[in-house]
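Shared between the two complexes below is chain A, which has chain B as its partner in the first and chain C in the second.
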Partner chain A sequence: MSQAKSTGAIITEQTARMRPASKRRSIKAALEFYLFISPWFIVFVLLGLIPLFYGLYLSFTNYAGFNMDRLKFVGFDNYIKVFTDNDAMYSLGRTMLITCINVPASMAIGLLLAILLNQNVRNIGLYRTLFFIPSIIPIVAVGTMWRSLFTKEGVINQYLVQAGLEPVDWLGYDYAMLPLFIMLMWGVGGGILIYLAGLKAVSKELYEAAAIDGATTAQRFSRITLPLITPVLFFQFIMNIIGSLQIFVQPVLLAANSNSLLSTPIRPNYVYSVHAFQQIFAFNRFGYGLALLWVLFLMILLFTIVIFTTSKLWVFYEVEQEGK
Partner chain B sequence: MVGQSTGSTLGRVTVYGLLILLSIIFVMPLYWLVTNSLQLVGSSSSFLPGGLHFENYYYAATLIDYWSYTKSSIILTSISVVIPTLTSALVGFGFARLRGPGKGFLFMMMLSTMMLPGIVTQIPTYVIFFKLGFLNTYWPWLFWALGGSAFSIFLYRQFFSSFPKDLEEAARIDGCSTFRIFWNIFMPISFPVIATVSILSFNGSWGGDYLTPFMFLQDDKYPLATALFSVGYAFPGDQRIEMTQVLNAGLVMFVLPIIVVFFIGQRYLVEGVVSSAVKG
Partner chain C sequence: MKKKIWSTMLSVLVVSSLLLISACGGGNNNGASGNNSSKTDNSSNGGEKGEDVKPSGKRVVIRSTMYEPEMTSEMIAEFEKTHTNIKIERVEADYNKLMAMMAAGNAPDIIRAAGVTEVPGYVLKDMALDLTTYFDSSTVFKQNDFLPIVNQFRFDKATGTHGQGAIYGYPKDWSPDFTIYYNKKMFEEAGIPLPSSTEAMTWKELIELGKKLTKKNGEKVTRYGLVYYNGNIAAQQDLLNLQLIQSGASMFSEDFGGSDLTTPVMKELLNFWVDAAQSGVGPSPLHQETDWGGQLFVDNKAAMIIAGYWFSGFLKDNQLTKDRIDEFAVSPAPMMEGGTRISPSASGTGAIISSKTKHPKEAWEVFEWFFGGKPAEDRAKAGYGLPATKTLMNMLPQDTPFNKMNYDFVQNELKYSEGYLKYNPYLTYQAVNAVFDKHFTPVYFGKDTVDGAGQKMTEEINTLINEGKQLIGTN
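Now for the complex of A and B:
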């Protein structure tokens, strides 16, 4: 109370010193600011914050889709179940494994593609378009397309047979992760625009100076290019990790008899989001499913915070941030 | 850009070789999709089309209620492109050119919503909308659209911030209202960013919005993105036989608008994304 009073006092003191006209103007300006951002703010509160915390609340209950009128508070039961549910832990492990492969692989390939597109060759715009196209094709079409290529009678097996080799059960247990990664890598072109922007921002004089000093291509890449594009790599790293941990639809689309968003992917591709989605929509375990999703959300948050705090050690900013 | 010009002939050959090889890799699956969509139903897939069976496209459009799904796609996409493109501009303008207490905090909050897995809020929203009776209607999309999208707001804010202050000051002295400054001065010169936001929203909605319709709508109201995956093309005589060729034809028709829009707007898309990435 006393604090509120004192801030109030300061404000009155300040406003008393201001000319009434300018005070009115700044209030009017603030009101206009709030008015302009109000569409976002209202929807953010009503359909962002409220559902977010309502979901948090439901994750502490036994809500199962029909028992809203006799909801029971179950404390941390759902959260304890997350860590004792073998399927949840298994799927979390698969998600982590996929993330650990997908993030470095897609970053390396994306950067490599961008470096290729940064070369001084003719028709570069055409190549850029061709590299970019896979990433604009709707994922539902991409998944269905790859699945039909990888089925037992699919194009890829036919090539193998024509070459005198045995057909492979690509979507089966032993190979299922390979089509998944091929599909993920195929769509990697979405990030190349960002890498390309980073590469273009590196000043040419640096390369020229290095060339005069006799630096090799490899040296120029590791000493100039790589450090200078760390801000772009940092951005891509965060976005890729957030995306990979949430991976959901690609494994479902590659499921052997996939015909619905509730299809279960084959075991090696059984990822965490699929498990959560199954709990909610196949088994109506809303409370438990929401606990699973909140664990995922907190994990993403934790990863993001860790990456942000360690970024000072490896992200290089050309212009030192002022006041820090 | 000379940046890392490859001097030797060998280097140039390698670069061209890689570019062409990669282009083939990136285009090949799409080529297979189109070739397959023209194959005789039930035939095995092959590299060269074994015929031009355009009737597959007829089957794709008639065996399932393709038009009704398309209509749903058009409705959802129109809502999710037109409205957020305008409201995001309004909010982006506010964050770029206007001032008020808490602006920095609100902006950070807006950006951080991009990190939140959508499904964490969508499941409780589903429960709330179930109680309010909004399930199986298009109202939820209208509500979401009114709030704009975080990424679009960010793009607009980056773009609007790049203009000098003089742009609006003269108009203000003439007594122009803030809304008129936004609508009559800023919007007309913002075509590149409006185009970028529209294309991204179009792709996100037409192709990317398959999960929310699955949750919030009944199957007869599904848009194509949800329907093509969950309805499927079964052989009329025997439900167990999947007609892959017809499904591929259905997919080609579904993907075509995205490709067309991309080629029309690609110039702006590249500019828009790149400029905001560099500045951001």
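Now for the complex of A and C:
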């Protein structure tokens, strides 16, 4: 008993002696961690976080770009105006419509192309490169290219006229959304890369086992591929929704009157970010424009939370998630 | 040992990132402490002399937003050679960046500004330094030599009158911007007599002429009859403002406190431009283009262009036109039927000095050199725009038949260049453009009427005017 007691005392003594040393080590480790991240973190705080919250503060003022010395606090006026501004609500509706079409369409096309590019065929690397190229071309160049194709005097109408058909006013009221969607679909290459990574991660053994069991191609896709790439689909879904809700440059570049970023897209393509941009940079309503953008941010946040919450029902992870 | 290396590297990283951040921050306005600056003598030598070295030997940095081709690094180096106390730094700043710089207390000293469209707004926003006493005491600027365009940099704050009162800036160069450059060959091909170089056409005649010169393949336009350098052949504030002053009207009230785009004159003009756009005579929301009017003209995709004297310089330099320069000629700005013949500037590009400058004397020294010294002479001799004084006007090039034609033409056109376009000082140029884009574009597509769009534009512009007045504190 006494021997046990003395052994215990020795251990406690040793632990007590070790405690300050381990504490020092952990402080040092923490210090090293913060030192490591500090260059990025300092820049993030100064150029990201502070301007972000400064923007939030300005959204409660009448800031117009030049009146910093006589700034007036306007409470929630700018936020109330968001919901009473017909153009804001209209543009929000158009943005939602574009999102509802663009997200499923771009995901379906992206996945389909990724499946095709996942086949073992000759020169597959070349095809993958070709499909990926559009996503690395600067958006302004892409917009200018599509605009020159779709103008009334553009290349597409030239072919139509040569074929004996009437030219179409692609950038006019009746067809304006079509060039926009074509332009958006043209850039799905970036997503293909992520789908491909997901498809490559699916074990071949599973397909072999399914084939032995007599599963058809469709069954293999629906029972193996699709469930196993749901984490990738989940990621793509969120990113596509965020991207679609923030869509800005494409409608501006396809505007009937496009000559700068302040150009107003034709009414069917008049989206929320364009409205916010115009309030800030054309009308100098900086405070109101910032309120519009914070409302958009909150909407995106809400969508993301809803998707994350429902993801438990349809996203399948091969490994157990931490904290579950 | 390894850990030591790591921690040394990390420390270096942290310190360097902090240095980087502090360097990025404000306060780079001055190359020297502000206290020294006031000791500089207010030399009014047009920038030709510069013995006034600071006692401390430090240089004052004057930041300017003039564009690179206007204020080249060679010009700056030449200035700095003789003005050892001043360093000129060129900064890029569009309107919004400029506002952000002003808000951050980091305003450039010399701000590029268009006398016609921007100066009143800058004055009302307290951004412009009153330069009246500087001009009065200057030996470089002779006020009796000034052309009327200089008045576009005057604004009477008390009465809100543009063109009168204190002077806040000066034009670099300018043009009667609504003259008609045309391609003689295209007229000859169409069997149409060349327009007069002295007698103005009416707007209706101009559009009719444009229609005759327009080439179509079915619905598709292959060559426009008329283009405008700064936008579409459609309802656009520059063209409307010109037609309105020629008719003795305005889209704004006398005190700029309100607007009405539903008046009979306004409706007639709006209908005129809807018809023009629908005819396909020029680019419009119905006939979209990716290039600006000047490019269409040099590409032989347009027969006439509404542009100023500066466009002759563009034609002389352009690879596509410099070897066939004699194919082009110029005709006066069109006028309203029964109206007054006025051929004004649409811009009058120059600069103001920021009211927030910490070095007004040095900024004026640079200003005086750039607008009144050798650079002004060089600009006049090159002929890329009209100078702001009668003396410099004589230096415009006349050495070639094309230059002589432009010179003679402009001497006659100047007789009609005293009228001013009416832009509202409580609105930005971009705001009015955005309102027209948003509400008037549906009219071309038959989705709204001129009356309906006119009403919507009036409401939105009046809201913006009220907001502008409130912000400036005049409401």
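Annotations for the structure displayed:
Just so we're on the same page, the second predicted complex is superposed on the first by the 299 of 324 C-alpha atoms of A that agree within 3 Å, B and C clash if a C-alpha of one lies under 4 Å from a C-alpha of the other, contacts with A are read in each partner's own complex, and residues count from 1 in each chain.
Keep this in mind: a residue touches a chain if its C-beta (ideal position, glycine included) is under 8 Å from a C-beta of that chain, and two chains touch if they have at least 3 such contacts.
Not measured: the values here are computed from a predicted model.
When the two complexes are overlaid on chain A, chain B and chain C occupy overlapping space and clash.
Residue contacts after overlaying the shared chain place A:L171 against chain C, while chain B stays out of touching range. Looking at the superposed arrangement, the partner reaching more residues of chain A, out of chain B and chain C, is B.
Of the two partner chains, chain B is the only one touched by A:L296; chain C is not.
When the shared chain is aligned, chain B comes close enough to touch A:G55, but chain C does not. Of the two partner chains placed by the overlay, only chain B lies in contact with A:R220; chain C stays clear of it. In the superposition on chain A, no contact is made by A:K81 with either chain B or chain C. Of the two partner chains placed by superposition, only chain B is touched by A:F33; chain C is not. When the two structures are aligned on the shared chain, A:N284 is found in touch with chain C, with no touch to chain B.
Of the two partner chains placed by superposition, A:K23 touches none, neither chain B nor chain C.
Contact with chain B, but none with chain C, is seen for A:N118 once the two complexes are overlaid on the shared chain. Note: residues 32, 35-36, 39, 42-43, 46, 68, 144, 148, 153, 158, 258-259, 280-281 of chain A belong to the chain B contact set and to the chain C contact set alike, using the contact criterion stated above.
Against chain A, the residues of chain C that register as touching in their complex are 6-7, 10-11, 13-14, 16-18, 21, 95-96, 99-100, 102-103, 125, 127, 217-222, 231-232, 285-290, 292, 428, 430-431, 433-434, 437-438, 441-442, 445, 447, 464, 467, 471, 473.
Against chain A, the residues of chain B that register as touching in their complex are 1-6, 12, 15-16, 18-19, 22-23, 25-27, 29-30, 32-33, 36, 44-47, 87-88, 90-91, 93-95, 98-101, 103, 106, 109-110, 113, 115-117, 119-125, 127-128, 131, 143-144, 146-148, 153, 178, 182, 203, 206-208, 210-211, 214-215, 225-226, 228-230, 232, 244, 247-248, 251, 254-255, 258-259, 262, 266, 270, 273-274, 277-278. Residues 32, 35-36, 38-39, 42-43, 46, 62, 64-68, 70, 87, 144, 147-148, 151-153, 157-158, 161, 166-167, 169, 171-173, 255-259, 262-264, 266-267, 270, 278, 280-285 of chain A are the ones that touch chain C when the two sit in their complex.
Here chain A touches chain B in the complex through residues 26, 29-37, 39-44, 46-48, 50-52, 54-55, 58, 63, 68, 113, 115-116, 118-121, 127-131, 133-134, 136-141, 143-146, 148-149, 153-155, 158, 186, 189, 193-194, 196-202, 204, 207, 217, 220-221, 225, 232, 235, 242, 246, 249, 253, 258-261, 273, 276-277, 280-281, 286, 289-290, 293-294, 296-297, 300-301, 304, going by the rule given at the top.
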